[in-house]
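The structure appears below as C-alpha cells.
Chain lettering (A, B, C and D) follows the sequence in which the chains are written, and residue indices restart at 1 in each chain.
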Amino acid sequence: MIIVLKADVKEEAIEKLIDKISGQGLIVHDIKRGGVGRMLGLVGDIPQALEDSLDRVDIVESVLKVREPYKLSGRRFHPEDTVVSVGDAKIGGGNFAVIAGPCSVESEEQILSIARDISNSGAKFLRGGAFKPRTSPYSFHGLGLDGLELLKIAKQKTNLPIVTEILSQEHLENFAEDVDIIQIGARNMQNFTLLREVGSLKKPVLLKRGLSSTLEELLMAAEYVINGGSDQVILCERGIRTFETSTRNTLDLSAVPVLKQKSHLPVIVDPSHGTGYWYLVEPLSLAAVAVGADGLIIEVHNMPQNALCDGQQSITPEVFHHLMKRIKRVYEAVHEMK
Amino acid sequence: MIIVLKADVKEEAIEKLIDKISGQGLIVHDIKRGGVGRMLGLVGDIPQALEDSLDRVDIVESVLKVREPYKLSGRRFHPEDTVVSVGDAKIGGGNFAVIAGPCSVESEEQILSIARDISNSGAKFLRGGAFKPRTSPYSFHGLGLDGLELLKIAKQKTNLPIVTEILSQEHLENFAEDVDIIQIGARNMQNFTLLREVGSLKKPVLLKRGLSSTLEELLMAAEYVINGGSDQVILCERGIRTFETSTRNTLDLSAVPVLKQKSHLPVIVDPSHGTGYWYLVEPLSLAAVAVGADGLIIEVHNMPQNALCDGQQSITPEVFHHLMKRIKRVYEAVHEMK
Amino acid sequence: MIIVLKADVKEEAIEKLIDKISGQGLIVHDIKRGGVGRMLGLVGDIPQALEDSLDRVDIVESVLKVREPYKLSGRRFHPEDTVVSVGDAKIGGGNFAVIAGPCSVESEEQILSIARDISNSGAKFLRGGAFKPRTSPYSFHGLGLDGLELLKIAKQKTNLPIVTEILSQEHLENFAEDVDIIQIGARNMQNFTLLREVGSLKKPVLLKRGLSSTLEELLMAAEYVINGGSDQVILCERGIRTFETSTRNTLDLSAVPVLKQKSHLPVIVDPSHGTGYWYLVEPLSLAAVAVGADGLIIEVHNMPQNALCDGQQSITPEVFHHLMKRIKRVYEAVHEMK
Amino acid sequence: MIIVLKADVKEEAIEKLIDKISGQGLIVHDIKRGGVGRMLGLVGDIPQALEDSLDRVDIVESVLKVREPYKLSGRRFHPEDTVVSVGDAKIGGGNFAVIAGPCSVESEEQILSIARDISNSGAKFLRGGAFKPRTSPYSFHGLGLDGLELLKIAKQKTNLPIVTEILSQEHLENFAEDVDIIQIGARNMQNFTLLREVGSLKKPVLLKRGLSSTLEELLMAAEYVINGGSDQVILCERGIRTFETSTRNTLDLSAVPVLKQKSHLPVIVDPSHGTGYWYLVEPLSLAAVAVGADGLIIEVHNMPQNALCDGQQSITPEVFHHLMKRIKRVYEAVHEMK
C-alpha cells in the first residue's frame, strides 16, 4: 500500500503517522523523491482497521491499494478453478450445468411434473422457492417448510439435487438437512449475519449479486461465506438496477468474464430475473453460454399464466427442452476452439 | 383497477378471465366502447395474489393500477401526520429533532463525551453503532452487546433516548429491552423477516432507504413493519447509488416532499452517509431542513481521524454545535411563512 | 389513448376537456361505468402537442398510451426487417456483418495495414475515427479532413466501405461525398439538429445509443433520422452508464432482442466501448452473436500500446483473426436451429 | 503523476518506457524502494496524449493522477470566485440571482405578461425557449427566430437580460447579437463543437449538466467553453438519471458544494427539470438556497395547463411571487452566520 501525503505537511505530523503505522508491526518506507510529493510505502500484513482509517488522516492526500480487498474468493492465492459438486452433479472448472424449476413450489403435482420434465431435458439441479421474498407483505410468500417437503419428494423421484433460497436464520437446521445448494438472494447479499451462518453449514451456496452491488462487493460477500466455513460458493449474475425500464433489470454479462478473471469460484447467470420476460430468456441464455458462464438458473413453469409468482418470466417445459438443445450447440461452438 | 385487453382476443378467453376474477368476489365491468380497445374495470378489494398474476395473463395488454400498493404507510386512509415519541422527545407532525452520535460505540469515555456534547448542543436522540454491517469480514464490526451496555450508561447520564441498528433476529430481546428506536439499515431494507419481527416489538423503528430502492419500495418495507405490529416508523433518506463518484452516494432530497405527500410517517435525512464527506454534512443538513425534513441523523465523533469507522464523514462536536444553531435559523426561516 | 380522470371532478370541467379534444378532430368516448372512475377514450390520429399537454390538465389522473411514440422506426407499420447495404456489403435481415478498425486514423501506413488485415479476416466494413469527441479539450481529436482522405485511400486499396463519425454540421458535405455509413456517436444521440441533417443526406447511418438513453429514446432518435430522409439506420448498443466501475460501461445485451422486437432496423453491438478492456472484447462479441445481433463493431489496432486513443480496449489483428473464426462458429450454432 | 509498475517486469521494458517519457521533456524519478513495488514519478508539464496513453502500456499496473484534469475551470490556479455579469445583474461571488420564465416562448402577450410578473417578484433574468430540444420529432420545437424576437421585445419592456438555449451552430450569429446568456442544454453538454464555438463568442454561458454526466465531466465541458474564449460560465445542476421514477430526474444537491469547492465558477440549480413536478419546485428551491447555490432557474408560466411544453413542472406567477419571499428569508438565514 502506498500513501501519498498532501503538500506542505509538517515533518512532525509525518513522523507521528509513521510511528502509528510501524507500531502495528509494518515496515514503512519514507519516499521523498523531489517533485512528485512525499509518499509512504507500507510493507507487511496490513490490519483491516488500519487500512480503513488511513484515508481519514488529515495529512493524507490519497491511498493507493495495490491489492484487492478479497482474499479467499480471489484468484491470487487460489489460481485453480473451484468445482462445486453435489453427488455427480458439478458446476465450475469446465463443468457446465443448468439449474431449472418454478419460481415457487405450489403443489406436489406441479413440482413433480416440472422436475421430471427438466430432468429429461438435461437440467442437473432443481430449483423451487419455498420461502419467497416479496416486495409486498400481502403477496404470496411460498409454502414454507411444506414447500421444502415437496422439494424432497421431487428429489427422491428424479434424483435432482435441490437449490432453494433461505430467508432467515431460524431455518438453518432445516436447510442443513434437506437442501443441497442453499441460495442467498439478491436482497440478502449484504445480510452479513446470514452469509456467515450459512457458510458455517459447510454446504454449497448459491450467492446472487445484489441489485446495486458492484462485483467487488459480490466477492466480499462470498468472502463472508468462505470465511464462515464453506468454500463451495457459486456466484450468480442476475441483473442490476439501472434507468432502463424495458427490462426488469439490466443483465450485466460482462460480469462473467470479469468475475472469472478475479475469482476461482464458478459463475452462473439468471436470465429469468435478469430480464423479467420469458421471450428474452432464450437469447440471453445463449449469450450467457457464449460469454463463458459455468451454468444457468432458469425459471420453468408448466402453466406460467397461473403461476403464483413471476409467471411473466417463466418458460414452459417445451420451450426449455428446445432451449437446452440450443445451449448444447452454442456451448460446443464456444469451447471447441478457445 | 383497469385491465386493457389485447386486440383481437377471443370472446371465450375474455369470459374465462371474467369468471376467474368474479369468482374472487369482485365486480367486473366489461367496457367495450369502440375504438379504444376492450377493457375490464374491477371494483372491490382486490386480493394481492390476483393483482400479482394479472399482467401475466396472455390476453392482457396492460394493467392500470389506480391505487398505490401500500395501505398502512400511505396517507390515503391516514391523512394526519404520525408523531413518533420516546418520552418527551418527538419526531414528526411539526416536531423537528436531530439524532447524533458516533458511527460506532468505541468506549465508555468516547460515547459519554459525545453524548454530553450533542445533548448540550440540542440533539434529542443519541445514535451509536453496537453492531456494524461492514463490506469486509475483516473490518471492525462493533462492540456488540458490550456496545449496547455503553449506550445504556450514556442514556442514564444524559437522558437521551438511544437509536441503534439491529443486524440479526438473535438480538431481538436485547433490543426490545434496551433500545428506544431500533434502526434497520439500508442493506436490510428488504430483509423482510427482520422487518416483520422488529415490527412485532411494537417499538419505534428507524427505517433507512436501501441503496437502490425506489420510494415505493421504501413504503412497502414500512408496510411490513406496520403490518408486523409497530406504527411508529421513521423513514430515512440516506443517499442512493448512482454513477457519480465524487460523493459516496447521491442524496435524494426530493424524496422528502414526495414521501411526505404519499405517507403520514415522519421523514428524516442522513447527510453523513448520504455524502460520505464531513465537509458536505453542513450544507446538506441545511438543505434537508429547507426541503421539509422532520429531522436529521448526523455522525459526530470527538476524534474523527481515529474513529474505528466512517471517520471521513463525521464532524466534531464543535462543528456540530455551530451547525445546530444554523439549523435552527433555517428551520425558522422555512416555517415562519409557508 | 385512454384518459383516466380524477375522482370528484366537476362535470363542467370534463365537458371543457372533451370540447378541447374533439375540437382537434378526434372522437371522444365518455366512459362512465361506475366504480372504476370516469375515463375518456380517444380515437383518431392524436396530434403530438395534444398528447404532450394532456397529463398536465388538472382533472386528469393519468394517461394510458396504447401506442408507442415511434412510428417510422417501429415494427407496427413496417413488419419486415430493414437491410442496410453499401454495394455488396449488407447488415440486417439475416445478413451478419463485422465493422472493424482503429479508434482513430493515425497515418496512411496504420490505416492501410489494419484495413488489409481485417479484410483478410472477414470484416465487411472499415471503421476509423477522423473526428474524435474527447472529454478533454487537450486530448488528441483526430486528424480531421486529413483522416477522411486516409480512409478513402484505404477504401480504394481494400474495397471496404467506410464507417466514421460526424461531429458537426459543417462537415456534412464531406461526409456526403466520402463516407459510406455516417456514424452518430453516443454523446450526440440527442443532438436533434445533427440527426435531422444527417438523415437528409439519405445515406446509411450508424446510430449509437446514448450513455443514459432508454431504448425508447434510441428509437425516437432513429425516428428523427428517418423523418429527416434516410431509412437506412443501424442501431448500436455500446454500453450504458451504471454504478459498476470494473468495466467502462455496462453492455446491455438484452437491448438487442428488445430492439429487434420493437423495430425493423438492424441492431449491432460495440463490445470495445461497451466494456473498455481488450480482454473482454472476445467473450462479449460471442455473447452478442448468441443474443441475436446483426453485427459487431470492433476496435482493432496494430499497436494498441501506442494507439493515440482507446488502446486499452483495442485488440490486435491476430486476436481479431482468431475471434472472427469463433464468431462464425457461434453464429452457425445459434442460427442452425432457431 | 505516479506510475506503479507491475511485478516482475523486465528492466529493458522499464528503460524503454523511461526513454519514451523523458523524450517528451519530463523528468522521471525511478523509485525502487523494496517491498512496495517499482514506481516512476513524473515531474513537468505532462502532455495530454502521453497521459491518455500511459495506462495502456502493458508493464503499467496503475496510474495515480495527482492533479485533476481541468485547469481553467478549476480553483487551483483561480482561487477567487468568478462573477458573471450582464449590466447590473450578477451571479456568483456572493451575488444570488433567480432566472425565471416559461419553458418556451409562445406569444408576445405570454412572454410579456410573465416577464413583467417575474420582474416585479424580483427575478434578475428572463428565460424562455425559442429552440426546444424534444425527444419526439413530432413535438412542438419552439418558435425559433421568431421566439428570439419576442424575447427581445420582453427585454426592451422589462430590462431583464435574456437567457435562452442554442441548439445549433447555424444560429451562432443570432445568439451573439440578441442573447445575454447563452444556454447549452443537458443533451448538448458533450457536443464539443458547440461548446467551443459558443465559447468563441466571449459571452456569458449557462452550461447544464448532462443527464448522466459526472461533475468532473461537467467541469471538462466548461473547460472547452473557457478554452474556446469565454470565461463567463455558469454551471447548472438540473437532475441526473437514476432508477427512481417518482421524480423526472434525481436532483443532486450535493453537486453544489462539491462544484464550488473544485471550481471558481458560479453554480445554480434548476428545480423544475430536476424534479419534473410543480409541487416540488418550492421545497427544492429552498433546499438549493440552503445548500449554497448562487442562483436558481425556475419555469414560470401564466397558464401551466395550456403550456406548449413542460406545463407539469411550471409554477404560476403567484406561486413564484410567494416563493421569492421565502427564498429571501432562507438566504438570509443561511448567510447571516456561516
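Definition applied: contacts are C-beta pairs under 8 Å (C-beta built on N, C-alpha and C of every residue); 3 or more make two chains touch, one makes a residue touch a chain.
Quantities reported herein were computed from a predicted structural model and do not represent experimental measurements.
Novice: So which has more C-beta pairs touching, B-C or A-C?
Specialist: Looking at contacts between chains, A-C has the larger number.
Novice: Computing the C-alpha centre of each chain, which chain sits at the greatest distance from chain D?
Specialist: A
Novice: Could you give the separation in Å between the centres of chain A and chain C, each centre being the mean of its C-alpha atoms?
Specialist: Computed value for the inter-centroid distance: 32 Å.
Novice: Take the average of all CA coordinates in chain A, do the same for chain B, and state the distance between these two points in whole angstrom.
Specialist: 27
Novice: Could you tell me the distance, in whole angstrom, between the mean C-alpha positions of chain B and chain C?
Specialist: 39
Novice: At least two other chains touched by the same residue of chain B: list those residues.
Specialist: 212, 241-243, 245
Novice: Looking at the complex, which residues from chain B come into contact with chain C?
Specialist: 1-2, 4, 27, 29, 31, 33-37, 39, 41-43, 61-62, 64, 66, 241-243, 245
Novice: Chain D touches which residues of chain B in the complex?
Specialist: Residues in contact with chain D: 212, 214-216, 240, 242-247, 250-258, 261, 274-275, 279-280, 283-284, 286-292, 325-326, 329-330, 332-334, 336-337.
Novice: Which bits of chain B are touching chain A when the two form their complex?
Specialist: Those residues of chain B that touch chain A are 48-49, 52-53, 55-58, 69, 133-140, 167-170, 187-188, 190-193, 196, 211-212, 217, 220, 223-224, 227, 241, 304-309, 311-312.
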